[in-house]
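Two complexes come next, and they have one chain in common, chain A, joined by chain B in the first and chain C in the second.
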Partner chain A sequence: MLSAWFVILASFGYIGLLFAIAYYGDKRADAGRGIINNPYIYSLSIAVYATSWTFYGSVGRAAADGLIFITIYLGPTLMFVAWWFLLQKILRICKTNGITSIADFIASRYGKSTAIGSLVTLIAVVGITPYISLQLKALSTSLTVLLEYPEIVMPSAEIGLPVVSVTAFIVAMAMAVFAILFGTRHLDPSEHHEGVVAAIAFESIVKLIAFVAVGLFVTFGLYDGFGDLFMKAAAKPELQKLFAISPSSDYAQWVTLTILSMAAILCLPRQFHITIVENVGTDHLSKAVWMFPLYLLLINIFVLPIAVGGLLQFPAGNVDPDTFVLTLPMSTKNEGLALLAYIGGLSAATGMAIISAIALSTMICNEVLMPALLRMDSLRLNERGDLTTLVLNLRRFSSVFVMLLSYGYFVFIGESYTLVTIGLLSFAAAAQFAPAIIGGIFWKGATAHGAFVGLGLGFIVWIYTLLLPSFALSGWMPQSFIAEGPFGIELLKPYEFLGLTGMDNISHSLFWSMVVNIGSYIWVSVYTEQSAIERIQAALFVDAEKFSGTTGRSNLWQGSAAVDDLRDLLYRFVGSYRTEQAFKDHARIRGLDLDVLMAVDAEFVAVAERLLAGAIGSASARVLVASVVKGDIVSLDEVLQILDETSEVIEYSHRLEQKSNELEIASDNLRKANEQLQELDRLKDDFLSTISHELRTPLTSIRSFGEILFDKPEIDLSQRKQFLSVIISESERLTRLINQILDLAKMEAGSMDWEMSEVDAREAIEEALVAMSSLMADKSIALDLKLPDNLPHVFADRDRLIQVIVNLLSNAVKFCGGPEPVVRIAAEIDGDTVLVRVADNGPGVPDGVEDIIFEKFQQVGNPLTSKPRGTGLGLPISRQIVEHFGGKIWFEKADGGADFRFTLPFTRNFQIAE
Partner chain B sequence: MSHSVLIVEDEPNIVLSVKFLMEGSGFDVRVASDGNSALKEIKQAPPNIILLDVMLPDRDGYSVCEAIKANSDWQDIRILMLTAKGRDLDREKGLALGADDYITKPFSTRELVARVVEVSKELAVSYSHGT
Partner chain C sequence: MTKKIIERYGALVILAALLFNPPIMSIFNSTDLILGVPMLFLYLFVAWALIIGLNAYLAKKLSAEQFSGSEREADSDADG
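Presenting the complex of A and B:
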């Protein structure tokens, strides 16, 4: 059944299916209903990473070296799971700046440099060509093997080559046609090829299904599950080494390969193209960070089982392990599965070849050919009409060129290598981009010179340590180049450069190329100056977050351009529809009227340049825009000024933020202060209300009796005397009250005039008693006095001290009661103070008011009699006085009656011994 | 007939003057020095007019006013509040509780007498109409 014509028919049937899917995808996209705008398709398209290297080569590698094949998937997994922010930043930069390829990215970062763009393109083309040819080799090998069915015969140079090379050539050209048809249908500023992406996602499904199917067949068809398979393998000593990492040699290689594949997922032109350029929704990345690693995991589960199964099935060693995926189904005459495996390999190879061709042709056209043609004044390209066709034709030509080059490499060199070796060669080339990319998005100081020298030297080391030896091994150069070094110089041996031994070829090359690449990149960057445009681009890339979604103030252009010139320029590359659309959008945002607009400003020019860059790359766009803009590219001084202004604005906004925080705190404080003020206001209101009441009460009596005496001169003398005495006593009360209020106000304000001196406390007490004696006698109050003779002097204002004692005494007199009212006064030495006690046998201080009786106007009524007489200011004043003397006043809870106490410190020179 | 006046006031000197003025105007005068004894006096024999101080030692004049107005037997009693609290707020509170008039201390003796006499006349008219 597996006749040649059937296999060929199936191959072209499959490729036809791809064309159909791509066609459908493009039609849907044109209708505005794209099918690729979801994270699943996006993740599947990134799986273009899994090529025939994965499909056939991993098994080959596993059969030879065991688990180390997994490193090629460990790197990308690490990148997506742990370093996704790197991808995110690059994605954001590319969306903001309309980046079309990895070469455009690097060139754009380093001042839209044509030289760097060309160098990156050169490295990419030279580095990736072997990789594409690897796909052709895998394809032709698998086809040759399948065509020998039911025999299992390995292709040899003698018998296989003519048929195989013709097939490979036809496939290569089919891929070029595919890339041309769907990659260069029109010039799209966003560089999106929805049909291609849809086809690639489909291919990812096919190769996964095919590989897993073969894996299941080997594990559960040929053997009785994983356990059975590995048991049988473990019985063979030569297979045991496949399940372990051999401790001595492999660790360095594990690390190297993991790093290499990490760099590859970022730096391979096709990965950059599919992950970054073709991305239609930045949020898709958040799903891809786990779905893509999951895909890699799934496609790797059966690598070791297939490898082990192959080694067990073909113990003679006459079957190339790179073909196990195909030959295992063939060996059991499983035709359907063999065909599926072949189609899976076909899908892995074509996917890689198509995207690589598109990515490389875009780079060749945008970074090398267009800038070169535009600079050839004799062509007068700037003055020609529609250039879209020219650009597209250049790309078409480039696609064919890339595929022809790969085919050439395949024919002349590819035969002498395993799949993995060729793949790693390309990985090592792509890894040269990593320093310029990662440095470029985190280090503003990196210069174009640094990037150019780093890339260039790294590339040269790569050529010397990997590419030239591969030529030598293929017989293009003498083998002695490897064995003895050029001209017999041992130190220059490409695999043992400067005598560095003990490393595998890839690690060795990566080590030297990275040392040279990174070293010169940093060194030259530090010692060279950036041009104006580099400064701008560096800021745009490193501070991508700030500039995201806007061209900001970092415009390259100053001066203006005529609208019509700009319009004509864009018409030629992106067409009238997109041009008008973009102009209208920008005019609307800016509030400009396109109909009357004659010239546009720098910001408008920047928008146009971005649109153009999307179509033909930033380096070409810069050259073209320069031709229509009147005015110069800004000078370095102006760039510095712009950057300073930007940072000033940022600084200013930081300060504003800080200020607003401070304001918030201040307003919070104000609110609290306001609450306190309101509380104070309430207290003041209460205070005034109380004072008002206390003043009005004696005034009422005085006024009433005054008016009575005035109105009724006829009232008799004794009554008149009574009324007059009320007037007098109420006047005294009023006077006392006013004095107390004034005293308290002065004390609280700190403006009281104190006459401090040494005072004999005993004398002061006695004097106060004299003042109170008549009142006490009137109420027949007994006095219990305990005054020691040797009381030391205290430092006080004598009159105020007497005032305190009088206050306390009058309280005691007021409250003491019972049939035998008594007031007790005592003084004693307590530490270095004199302690004075004034107590009575009244009802005492009620519970719950202890804290407030020293506050103003907090009178405590005597429940037995009536409202207390007094101003309510006595105790507060007493406290102010005592505290001014350095003592304190309080009261003790006593059985029956109040017990007020206060202390007065001795004068400083008093000695108890005296 | 002469109307009876109950003076509710804790300041003895103010009692002395108001009592003198009321007696001089021909009223029957009784005195209570706090809220509770005032209510006791009213229970014994409701006066026609009460001169009610607000700041009393036990319960304030407002609550005494409220207690009187809450008793249906005492609806005819006219209440004049006498207070040293001069704020509008206090005045409104007193009137809202049903006081008939509100006089701020220190007051003019003539005005006090005139207002009490006025209330007394209103009382005489309402009695003669049998309300």
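Presenting the complex of A and C:
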């Protein structure tokens, strides 16, 4: 099965499949039914981070140093946990400003500077080329190993089989073709390549499945699960040490690598491209921030098991651990799995190469070639017709250039280095962008000079401390360069610069390059001034939240441009369809009529510039737009004023919104207060009508009996006495009523005079009973009294307390009935209060009115048919009094009869309520 | 509420940075086997999974507020 022709066929079959998927993805996108518009595809495409370095190299690293390989994946996890503070902001800035690459991002931030764009591109190309060649190396190594099947032979230092180097070359070129076909189909201002993203997501699935399959095979096929595998490894001291990392040297490296990989996930051009530029929905990021780390976790679970499994299977040490993923299935004649592992490695390698080629070629074209060509007046590029083809051809050329460069590096230097070392070399180069990016989005004062010098010096230090030594190790330069320093100057030894020792090469290089990079970035920034456009761009980037969602904010054109000039310019780069669409959209928003419009204003020009920037980068777009706009760039003060006004307007509308919210709340409150007042008004009316009714009843009887007595002097004495007694009792009722109304009014108004003192509740109850005793005796009502001897004192107004008890008692006397009328009084201690109960065996209180009997003038029974038996004020007054004492009064349903209870707090806990 | 979640994110970032680096990590830096796997291996993957889970939880909350625009709804969701 694993014959040479079959493996080669499978390789190209797989690559053919990639083309088919990309083709399908593009077709769907053209039909308006894109398949990549979901967070899962997006997350998988970010997993292009896992290259063949992950696929083969992690195992190699784990076999040498144990778990330290995992830092390369913990770093990105950390960065994605902190996504809200960095990635989200960068994404927002890029969407608002139409950023096409990491070089465009940095150049744009520092005043759309061509110099910075070119420098970033240079660093990216020099730094990433080894990384792409690393993929080719992994591919050729894995292919060589696989082709030796069934033998397991390690490739020699030179590239052995001609078929391998030819295959590597063809794959490299296939990747270039892929990048050209699907990465440069047309000039798209949004810079989205749906087909490419679909293919990359597919590759991520393949490499995950392949790696996990090998992991499961090693763990559960060759061994009996994790426990068995690790147990056998633990028996060998040289393997057991891989379970932990050596504290003396590796902790520093652990931290370095974590920081380095954090920077890498942000700064590697391909990661920036796939995460930021290819993002089609900002909300996808919020899902990817955990799905991508989850992918990394899954693909890393089996790294250590495969590493120790390989070391156990090949104890002789003649098999390179970098190839374990492949050689373990091969050693057990597991042909299908070996092929799957090889395809997995191929997918890891090709995915990385494709996106890197696209990202780098975009940068080379937009940041270096186009601005340079446009500035060459002799070419008269501005006056030529359709330039879309030129731009696309430049990109195609750049893609091929990048892949050829990588292949060249691979052929001449790649073989001497292990996978991990080359990968870290590239990480350290990409990390040089981090200060300019992070500083750029948080520090408005950072200047283009600072960024340029920081990037440049950091890059030089990187070359000196990592790239040149790697050349020396490969034999391009004398080895003495590393061992003795250049020209024998010890202090300049690249791995021990200025005598700094005790660090591994990567930490050493990262330290020095960051010291120089960050140091000069800050120092030069604080000693130089920003130009107008830099200040504008700085404001746009740092205050991205304020300006997001608005387009054409970098409104720095003054004067106007002829519509036709602008239209011609855009036609040449983004085509007529997109141009007209953008013009129409903008005209509609602004309410302009394109047919009669001759010249357009600054805002229109800004829209055009943004469209152009999406296609060819901001630096080029600026040069081009300048050529058609008549009038100058506005002055700094004017622009800042525009920006200020914008933010002021935003601020103002914010405040307005706040104000209107406040107003709404206020009017809400007012409405409620009004409702309350109306309710009170109604209550007052009710009160007055009830009270007048209550007062009129006794008055009417007094008056009618008085009139009878007056009109008929002949009435006999006994009748006269009877009438007079009615008059007297009705007068008493009237007096009582008026007193109670006054009491209640006073209490409600809070103007009652309370004589608060310590009162013996028992004494008060007894006194009330004395007052009621004659009445009870008249009606022959039995009294059931339960008063404990040791009732604590309560804090109350003694007379009022007696009034409450009398009120309740007279109610009970009034309503108790039956052949054996009885009134029960009891007092007891309940918690920290004295609980008093007054109950009777009368008809009780009907259902549903328990709550209203404490309201004023609420009498039980129909007031129209039955004669009122009380004033209807006793219970409300009692409630007022008890509540003033800090207790509460309520009604409890009892079997046959009413049961009123109230509580009074003890003296020691009592606090004066008012 | 958004501000609150962002603050929680700040706390999570600090937690993750602590868990993934020495000295916390070094507590588990031993060649002993726990449940049949090396202690550091087990610790790193458990911590990793924990951080991913918390990230997923917070990201969901945050995006519900950021992108749906119904801040009140998400508010009550968060409290409930």
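Quick note on the criterion: the second predicted complex is superposed on the first by the 626 of 914 C-alpha atoms of A that agree within 3 Å, B and C clash if a C-alpha of one lies under 4 Å from a C-alpha of the other, contacts with A are read in each partner's own complex, and residues count from 1 in each chain.
Here is the rule we use: a residue touches a chain if its C-beta (ideal position, glycine included) is under 8 Å from a C-beta of that chain, and two chains touch if they have at least 3 such contacts.
Bear in mind the structure is a predicted one, so any value in this text is a computation, not a measurement.
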| item | value |
| --- | --- |
| Which of chain B and chain C A:67 touches, first, second, both or neither | second |
| Which partner reaches more residues of chain A (counting touched residues only), chain B or chain C | C |
| Which of chain B and chain C A:711 touches, first, second, both or neither | first |
| Which of chain B and chain C A:78 touches, first, second, both or neither | second |
| Touched partner set for A:290, first chain B, second chain C, both or neither | second |
| Chain B versus chain C as contact partner of A:234, first or second or both or neither | second |
| Touched partner set for A:225, first chain B, second chain C, both or neither | second |
| Which superposed partner A:699 touches (first chain B, second chain C, both, neither) | first |
| Which superposed partner A:373 touches (first chain B, second chain C, both, neither) | neither |
| Residues of chain A contacting chain B in one complex and chain C in the other | none |
| Residues on chain A engaged by chain C in the complex (per definition of touch) | 67, 70, 74, 77-78, 80-85, 225-228, 230-231, 234, 240-241, 243-245, 247, 251, 254-255, 258, 282-283, 286-287, 289-290, 293-294, 297, 301, 304 |
| Complex interface listing, chain C residues touching chain A | 6, 9-10, 12-13, 16-17, 20-22, 25-26, 29-33, 35-41, 44-45, 48-49, 51-53, 55-56, 59-60, 62-63, 66-67 |
| Chain A-touching residues of chain B, taken from the complex the two chains share | 10-11, 13-14, 16-18, 20-21, 24, 33-34, 55-57, 84-87, 104-110 |
| Residue ranges of chain A touching chain B (in the complex, touch as defined) | 689, 692-693, 696-697, 699-705, 707-708, 711-712, 722-723, 726, 729-730, 861, 866-867 |
